[in-house]
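Naming follows writing order (A, B, C and D), and every chain is counted from residue 1.
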């Protein structure tokens, strides 16, 4: 945290209205430090009162490949980059063409390359007709002792946007603390050099197009990624045990939890594989300690058998699945919403459980915390479907309120003689004896069992236990959290997870066109809530279904569990590109034409 | 096989019309040999020209628990026991009460116990009001040197039913061949003793009620279980490699395949776990050899990740899932149709593949063979959803015709330079080079890839490869095999798998009541065939959906993929008890009342 | 429940047995293993409510419910991972893990390796009958190469897996072999194994009378290990690799530090954690 | 494809390289492993189309596509099982399996045990960098107990897994250790490993310069094994357990019979099989 006082950004003098939102990209070969540059700008902008979002895009190489930091800064919270980028600065042009699909430029965009090197700008940048403001980036860096091009780029962008110097300097100092004073000094020199060069390549009027409006009253905001937020949500929910097997893009949940759990008196164990990690958390939770693991599609697939065990033995556990492109190893570094099927339907046998999905970076916290509570309340596994976009993006958010849920695991603290662990109760939840409780001894079992827990293949036991396990999940009152509903109209847009932001923006655009639109964003995917959703959709005559899955998994899921009114217009596309608000808008337009 | 000439059963003399179908049960404690007794009766009846079905029911003990052999013998092929049993013979009463739910008796039934022992007949037998014809079973056996009660029971039942002596004697000799002549002789003595005692405990008129009508012209039939049939179907389909990890109730598929593959020049490898077995078959099939494995729910769950690999790397493999009660370890020895979800939706990512289900014991052969062909044709994994009932029941069937499918795996036998393993073709299938083919070298990959096979996270590659993998599956012409359709009417009954028989019988009963009913029994579950099914259902205004799953998985699956006309009446119940024709009939009756 | 212990009376083995009748075949070796386990519990006067018995799937894995302790009958092959979670989360509990050779060395082999390596204070008891009993007689990793069965006609031809050697090579801290037919000897070993810090591995030769009736003959061939236990893993491994497979007794006692399960004494607050996110 | 061999010319290592550029970090040890593998292939004049390279997931597991052979880049941890299928179905092919320490010894540990035991004629090459490279630096089973990382702050405290010893204890038929920085020595060992019947295991120390930059120092400490290879597994194990971990060379050559993959000479017809069902 920086403590220096900040100079408020000066209002623009040229008469051009300053922007309330800007999207920029910094690209270059791996090792050129574009991610660091992006992070510095984001921190500085955040400290100066702007909201912002940063995502990273990299090639398959661990090091030495191409990389880009994509940023959007704005006066309002940001959940998605604009479809077009306003500024691209290329520290070098190495493989920048690989970003063609994600980095859309227009004639209004600004592209800054190295003027002293041969112009290798890729076709997508050239053909866009974007204005160029090249400068001798590399030479400028070389002139400074220990200078680096990425820092020149930071200076140049910071000047362009109007980020206050003190905010930037603090961000640089914080980021480079461990590199020592010399590194900091030369970075600051580079920044100054970039800032000073800008006016010579871009006239004031042109530069003014890119200036951010002064930030509003700065509040105490957080800079957090969805994966960190999920970790924090787990700890807030009471998790004190985690088992870990690394996998992109979920590893940061685990890496955040490792020291965090240690600090709050919990523990994380690195497992030999996902079969072990799921069983470790089942064991720990059976022992009374709320437990979690995080993984991605391939790891979730390996856990399926034992998630079934948690269902049958009625042990609460939370599994965070940070989704990536599938099937199989797929596209590990890119986002997709294609694990809905496995999360909802993956288990063999009839295995009611809970599936929830956060709909924003900040919501990763709430939803994970909620999942812990649901799992504990219902003594069942809960799967949290986050995704690479939410998980790995860093965002400036308002600090999420700490919702304290009242309910807790129902334990048998003083069991009567003849205690039955799996007693068939009205609500379906049976008080659970935790080891250490005298007289509560029972054997948890994945075999079908009698109320006492003894293996049984009797039809009466099977029917009663299946029913109780379903009842506890389906009759639970999920309150208002099941979905986020906005607006009203004859057209409804249904979505879940990270596509919520594109839907929100697309619906707003539609409303600006005078189209009345309702948006429903499901946070609770299992159990389905037909009564609630159908009530929300009464009066609706066209439903747009938005999701990032080639196979329209969400659409099929909705068909299976809900009666959707009127016409249904699916908008489904696979990753790796995010669905854009304009796509949503177009579908809404289509929906109102009979 | 027995070669002796057979004495045709004599027509009944008492004037009572002989039966065309009878259901009987032989129960006793484990080790008492009731299963052997049942098998002998089945073989003898089969040799004498009757059709038949035998299932076994046992407690959780490996040995020493209670057991029952349930048989139905009839003039027509039998797929299901009657809801009520005509005869129960209890070698002893140990724990027979555990069979109360499956062994329904009526006042018309006959119960034979041991008259010399205290009558421990359980309430369900006593309360049924069934006629008793006890005899001193144990004493009779004890009187014969090496005599066994189960053989006395065989003799008694055989006489009751009118099974020709020579057929029975041949069956006894075949079954006891390895036990030696003395054992055979004393068994035959026991049988004679049982047969001779019968008239003294049951008068002729009463006995005549249980006499089977003479069998029709005997043809060359097979006595086979569904698991054996699946194994044979695989070999017929060209499978020459299998990987095995034992699991109830699938083990017999593997145990049948082990020597069979060896005999036809193939091989079976016992794997360390299911993760290994699925990968072994992927490797063998990549090597060009059609491959299979068999498992049940828990094993299928473990295979899910790598089934996704087969999808993405486009390697044909067949996985037979012999379903048992779920979730988790569940009820390993009992049948259920609750793995539909995992089979259809289990994979992470968008992973189109094939799911088929046999609808009778004999059809296990055809459907598994078909699955091999589909997998090979489309270079994709195919899951065969059999179940414990089909798999472990022994049935007398007409020998299944050997359908030879024409299509085969499309290989690249003389690849051009620049060969692309994953070329994007119209049909979606790309010629596959098999190791050994010069110039065909490529690397199969579970990462998303370019047409050549190189890992790629480009949106164009992802979109094109996802689409080709879906196209090849969804645009394939599955011909008539997708379903079995019978009858016509405004009411349609939809089902899949082993519940087909109850539906067939229930629909016949409805037709006898004058209700016009159509039955549609889906053999192809994935990809869904909406055009075909919807054509079949045109004109239908009520649909009964029958399945053995607590969670109505089939019903939800149908909703997701098909527009069902009119009202839908689900008939879903979990295992372990089979759905009965009367339940189907009642639902059909309900369907015609508006 | 049959917990009838008086406040001062020494508990008896029967105090640790539940009233659920085992479904094992008459004569199965697992009956005496159950007896030995409950005897060891009694000798150590373990509190049943502070003791957890975890297992996988198999005939042998049915054991938890036959004790009067907390139990977990998990899925096939994963008992050690599950027990790891229990013990790390609740280090004050006594955790025993029990199962079969198929469960532990075939499907569960990876967890066996890593549990030995992790050296958590668990006692792992494998009832080795060199067969998959529950699925009716297939070869397991410890089965002799020439044992004929439906799944491997004529035998697998594979060299048997050597659990004791693998345990030593992967870092188990206590290694012993017992015979179910010798409940007193087994009880003694188990008592020591439970008390030994870190991961203790006890292989109990336990005949499957149904699918391997010839194993009844084991009672003729087992004999006490001719040498004293060692604390040198390499030496223990070499001895075991060359013995006849029927040496019973404690074979190795190590002194590696068990896995750290201790929690911080002074937990911080959530607010402390959240500070890192503040701008 | 760069297969430019003339009919008689001895193939060169470059003939076995594909034109796909590796995505490894500059300086990664795996580059020279690739070189050594292709050199060994050239020395043995393997036909690329008769050779299959199978791997799992990890930086090291990317190797198949960089060769000009058939390849299979499977899922994480399952390469040995997949390769088993290839080799048993097609015994005439030469099958190499390659991957990392995480892939092979953590998630893949069970297949490692059983592949050694099964002793199929495969060559298994593990590029051991004592870290999960691809997921950006978590401890693997071979990582030193005190190596600090985000996932295990201050180190795991766990005794490293000893792959060579486990391979010996489970029945591998050929065991060697190499160093990627010594391509000639590595090539020689690989050549022998590929030719040796049964399961050959070659651990190659291959630095991860990005997450374990200190491994660049390995070139200073590796040295040839001071003794001749043995055919006594127990002796080999003892030696390895007590060496400094940087002995390179062939450490064990066994003569166990490889897994039987032979097919019956005289296949029967389907009708023969079906006879058993006739009544």
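Assume contacts are C-beta pairs under 8 Å (C-beta built on N, C-alpha and C of every residue); 3 or more make two chains touch, one makes a residue touch a chain.
On a predicted model such as this, the values are computed, not experimentally measured, just so you know.
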Winner on C-beta contact pairs when B-C is weighed against B-D: B-D
Calculate how many whole Å lie between the centre of chain C and the centre of chain D, each centre taken as the average of the chain's C-alpha atoms. 32
From the mean C-alpha coordinate of chain B to that of chain C, what's the distance rounded to whole Å? 38
Could you tell me the distance, in whole angstrom, between the mean C-alpha positions of chain A and chain B? 46
Spell out, as numbers or ranges, the residues of chain D touching 2 or more other chains. 75, 77, 106-107, 109-110, 113-114, 141
For chain B, which residues are shared contacts with two or more other chains? 60, 262, 272-273, 275, 298, 305, 308-309, 313, 328-329, 445-447, 455
Chain contact topology (line, ring, star, complete or other): complete
For chain A, which residues are in contact with chain C within the complex? 1, 43, 46-47, 220-224, 228, 232, 235-236, 240-241, 243, 260, 262-267, 269, 271-273, 275-277, 279-289, 291, 305-306, 308-309, 313, 396, 399, 402, 417, 433, 435-447, 453-455
Which of the residues in chain A come into contact with chain B in the complex? 59-60, 98, 101, 275, 297-298, 300-302, 304-305, 308-309, 311-313, 323, 325-334, 336, 338-339, 341-342, 344-352, 445-448, 455, 457-460, 462-463, 466-467, 470, 549-551, 553, 556-557, 559-561, 573-577
Would you mind writing out the residues of chain D in touch with chain C in their complex? 106-110, 113-114, 117-119, 141, 157-159, 161-162, 165-166, 169-171, 233-234, 237-238, 241-242, 256-257, 259-260
Which of the residues in chain C end up touching chain A in this complex? 1, 20, 47-50, 52-54, 62, 64-65, 68-75, 77-78, 81-90, 92-93, 110-111, 113-114, 261, 263-264, 267-270, 272-275, 277-279
Give the list of chain A residues in touch with chain D in this complex. 59-65, 244-248, 251, 254-255, 258-259, 262, 268, 270, 272-274, 298, 328-329
